[in-house]
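Both complexes below contain chain A, partnered by chain B and then by chain C.
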Partner chain A sequence: MRLQTVELRSSRFWLDTLSKIWAWLFLLGMVAFFSVAGDGFLTPFNIQAILANMAILMIIAIGQTYVIISGGIDLSVGWVMGMAAVISATVMNRLPESSPLWLVVLSGLFAGLLAAWIAGLVNGILIARLNVPPFIATLGMFGIARGIGFLLSGGMPVPIYVRGLGFLGNGFLLYHHPTAGWSFLSPPPGLAQAELRNLTGYFPFVVIVMLVLLVIAHIILSRTKFGLHTYAIGGNKEAAMRAGIPVARRLVAIYLLSATFAAIAGIVYNVRFTNGAANAGEAMLLDTVAAVVIGGASLFGGAGTVIGTLIGALIISVLANGLVILRVNPFWQFIAVGIVIIIAVLIDQAREKFAQE
Partner chain B sequence: MIRHFHIPLWLVVLGILALTLSACTAVAPAPAAQAPAAATEAPAAEAPTVALIYGVRGDGFYITMEAGARAKAQELGVNFFADGPAQFQPTLQVPILDAVIAQRPDAICIAATDRQALIEPMRRAHDAGIHMISVDTFIGDTGGDYTAPELNWMLSYIGSDNVQGGEIGCSAIIEAMGGSGKFYIQTTQPGVSTVEQRVEGCMKAIEATNGAVQLIGMDYNDDNAAKAAEQTAAVLSAHPDLGGIFGTNLFSARGAAQAVANAGLTGVVKVANFDAPEDAIVALRENVVDIVIAQHPYEMGEKCIEFAVAAVNGNFDAIPKRYPTGYTIITRENVDTEEAQRSIYKSE
Partner chain C sequence: MMEKQDTGVQPVLRAVNLTKRFGGLVAVNDVSLDIYPGEVVALAGDNGAGKSTLIKMISGVYRPDAGHIYLEGREITMASPLEARNLGIETIYQDLALCENLDATVNIFLGREPTKRLFGLFKQVDRNLMLAESNKVLDRLDIHIPNLRRPIRQMSGGQRQAVAIARAVYWNAKLVIMDEPTAALGVPEQRKVHELIHTLKRQNVPVIIISHNLQDIFAVADRIVVMRRGYKVGDVLASEVTDDDLVAMMVGSA
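Right, the complex of A and B next:
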């Protein structure tokens, strides 16, 4: 009898461990595979390119993590991002040419945030106060933000004519050349075209922004009362109410937060592509949900972490990059991500089943 | 005891499932990956490597371009590979560009999916020491003029003059309409340079009639034939006397032709289809569309390899900043001629 209990605990222990680390193992296995099989995969340039290209997805997915942990879903993130990108691009263009770069970016960010906050507030009030299901409320906002984005931009991407903006989105903190050495913020001067081949940049600005947001969001979720409440609401809304948690206010805040991250992603799109397009986030929605779910969050709420979402986003982005390097048809990427999502859900359900036994 | 046995079984099943699935994702693509890799290893070690990044996968236009580039690459002993996004979207194309840059080819020919969004990523490739050539679409606000100081790092823009294409295409419809009547344009999405220019050229052809032809509107269909059909149907009910429609690409023309057929107006309302994949030719033969405007993607592919090789050899005088490829207007009368047949985009 005693023996059996020990073994039961140990298999539960292993399943629990597996459910926590499988995504890490999968990511590591994938990186190892692509490093061996793919020419040019494991280079400083490529690794940083993966991270920089992932920044927009990751930033939106942070907000989505909070929403999914609270037991909801935000379908409007992609189009709220696009709307914010269009509005901030328009504002950046209106500023006088002599404005310093930081002022331009901050003004754009603020304008984009304002618009996104209205969207987030409406989502939050519909869901928390008027009891509209999150799927429906945010689907409505999906359409509204899409329409506003296209109306404001006339359907055209809005090019941003601000000097130095593209550098912010595509530049690096440090540059290194084997002969010319290290330089700060710009490549060493006087390099010929042929020598540029050996130049490597380190620490892309957008990756730094992504990491800072990631750390802040992680701390809020894991160390503050707000984070605790988010889990409590997703775990059992009734119980959370009875425990005296201001559920409605917290839910509004969570959807505001999601819209905030979407707007920030919009500004990152602005600086990276030097334009603002209403459909900038069109391809993002499913990937954000996929990243959150692969990262171990439950679509029923109550479980998930920001770090888990990071792993999910990394898996999606490494796949996208590695399959190109191996010259695999990009349509395989959809299939691969789909399979990874199903594995994630299977493992999660198996763990739930054990927890009940 | 039963329960005791049950648990590890579950674990084993799950473990195996996870392993096989992950093995599938990791291993399945490998054979597909090896074929092109082996093919490109054939030429001598010193051979330059050229990559083609097209605008969207599975489009006859780009498949034909790739075929042209591949044939020329084989002829000149160049390592060649091609790739592109699943949708015509800069957010999907830029990661592919970065993955290609990571492999440090000598030159990249790219059909940019957005003329603004791709500037910085392409400059990044140039900064990595890679010769950059635009095919089909251009970047920047200079209308494809790469002699402009902010874009002179771009080697060349190889592509049709879309203004000219729109103009000769629409002139052909106007002629078929008998020189007067109401005219409508179905187009894809704003912000795509090629399509915008086709519209611009078409406007020129309309203006040249001095008011005999009247443009009653233009709609965006998001590259979706169903949407194009819906919009055209609405226009046809408002203007039953419509004379001609210019579809700025295959989906636009196909949707417009569908609506015309549903209204029982096939042959009465003339429809022109920009671009010439095989199904546009089928539609032409079946009287669904009346005019097909063919670009020369095969030639674009060939030229991009030629220019890339010239750049690698330092022979920059041989590379024009702008190389316009021509057009062929295909109608039911000339569709079987050799010239028309050569301009049809092949799907494989």
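Right, the complex of A and C next:
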């Protein structure tokens, strides 16, 4: 009898541990597999490409992490991103040609943020004050932002005619050339066009932006009252209210935060692809939810971390990249991600079952 | 009650002539109640007798239609349960109102988390202080919970009840109200809750418990207030009545 209890406890311990680290193990296993099986997977160039390509997904997923921990969901993120991208692209084009690049980018960012904040505020007020279920409120905003984005852009991508923008979006912090050596922020001067192909960039700007946002969001979530309250609201909203947490205000802030990250992702899209498209974030909704859930969040709320979401986003991106390198039909990616999501949820449920005595 | 007044001890809580109507129904009719330091008062009565309504007026959920409430001699009016809590009236509901995904220390401090500045930059929740203070209050209540950093979800019913009580006590409750504290618990856990109530009493914190369970009532109460159809029909020392007397008062056949 005694032995049995010990055994039960240890199996619970293992399950608990497994549920915490399986995503890491899965990611490591995948990286190991692709490194061995895929030619050119484990190179600085490819690793940076994976990170740069997941920046937009990851930035939106940060906001989605907060929302899902609070027990909600934000279905509107993809189209709010597109709407912000279109508005910011339009504003960037309207500025006089002589404007400095930083002013153009900041103006675009601000315009996109402003539009997104209205969307986030409406979401938040509907959910927190008018008790509309998050699924419905943000589904409404999904349609509204989609319509506005397409109306403003006439259904076409808005090309941005700003010199140097693409450089910013695809640029690196450091460059290295075998003969010209290292340089900071821009390629070594005086290189011939043909020589540029030997140039290697390190630390893409978009990856730096992603990492900075990630670190800030992680600290806020794990260390501040706001972060703690996000977990409390997701765990037991009624208890949070009775404990005196300003639940409505917190929820509005959470949906504003989600819209903010969506808008930033829209601007990152703009500078990376030098155009703003209403449907830029069309695929983002399910990918962000997938990243958050693979990262250990519960769709019932109360659990999840930014670092977990990072692992989830990495798994999705590494999978996409690795399959291309292996020359597997990219459609397999959908199937693979689907399977990973189901595994994530099964593991989470098994842990919950064991955790209860 | 009379003899206590004679000793000159001031009641912690005085409810005077409280009345609450819902439409034509008078849920609580002209009920007065005094609670003295370190006293455990059980509120007994059949369903619909008005126990919950009375308690909700004292804990700030309902505003009385008539009557006055005095806390430590000062008249108080409360617009919300939060105001009642801030005044020192802590209510522990049957569902305990804990966040099961969070640990005991966070639950004890929920909504009132201590913070410290990190690098002078931003205020971060001071988890070490929360743990230290939680240990202190649990020691004071003689509660032993291994690993306070486990989520509440993984704790037993008795441990959860203990966390809820610790939360109430930590914030220097002047009065603790417990709504059916043993309803969902097994027998050993019920005993633990009884012990906890005795510990509160020893620390001079008065407790009002609402209970259907006569065993509960006789295990912990000093005094029993019986309600029937909105009226207070009995206010007796627990040592002076039997189960049968109590039931008779509750159903009105005495």
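The definition used in the following text is that the second predicted complex is superposed on the first by the 342 of 357 C-alpha atoms of A that agree within 3 Å, B and C clash if a C-alpha of one lies under 4 Å from a C-alpha of the other, contacts with A are read in each partner's own complex, and residues count from 1 in each chain.
Simple rule for what comes next: a contact is a pair of C-beta atoms (placed from the backbone, for glycine too) under 8 Å apart; a residue touches a chain by one contact, two chains touch by 3 or more.
The model shown is predicted, which means the values in this text are computed figures rather than measured ones.
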Partner chain(s) touched by A:239 [first = chain B, second = chain C, both, neither]: second
Partner chain(s) touched by A:228 [first = chain B, second = chain C, both, neither]: second
Partner chain(s) touched by A:151 [first = chain B, second = chain C, both, neither]: neither
First (chain B), second (chain C), both or neither touched by A:28: neither
Chain B versus chain C as contact partner of A:185, first or second or both or neither: neither
Which superposed partner A:103 touches (first chain B, second chain C, both, neither): neither
Partner chain(s) touched by A:216 [first = chain B, second = chain C, both, neither]: neither
Touching partner for A:174 - first (chain B), second (chain C), both, neither: neither
First, second, both or neither for A:332, with chain B first and chain C second: first
Overlap of the chain B and chain C footprints on chain A, listed as residue numbers: none
Residue ranges of chain B touching chain A (in the complex, touch as defined): 1, 3-4, 7-8, 10-11, 14-15, 17-18, 21-22, 24-26, 28-30, 32-33, 36-37, 57, 81, 83-87, 89-92, 94-96, 98-104, 114, 116-121, 123-124, 127-130, 141, 189-191, 220
Residue numbers on chain A that touch chain B, as the complex places them: 4, 7-8, 11-12, 14-15, 18, 22, 26, 29-30, 33, 37, 39-41, 43, 45-46, 49-50, 52-53, 56, 154-157, 159, 166, 169-170, 187, 193-199, 269, 272-275, 277, 279-280, 282-284, 317, 320-336, 339-340, 342-343, 346-347, 350, 354
Interface residues, chain C side, partner chain A - complex: 81-82, 85, 93, 95-102, 106, 110-113, 115, 118, 122-125, 151, 153-154, 156
Chain C contact footprint on chain A (complex, rising order): 219, 223-225, 227-228, 231-232, 234-236, 238-240, 242-245, 302-303, 355-357
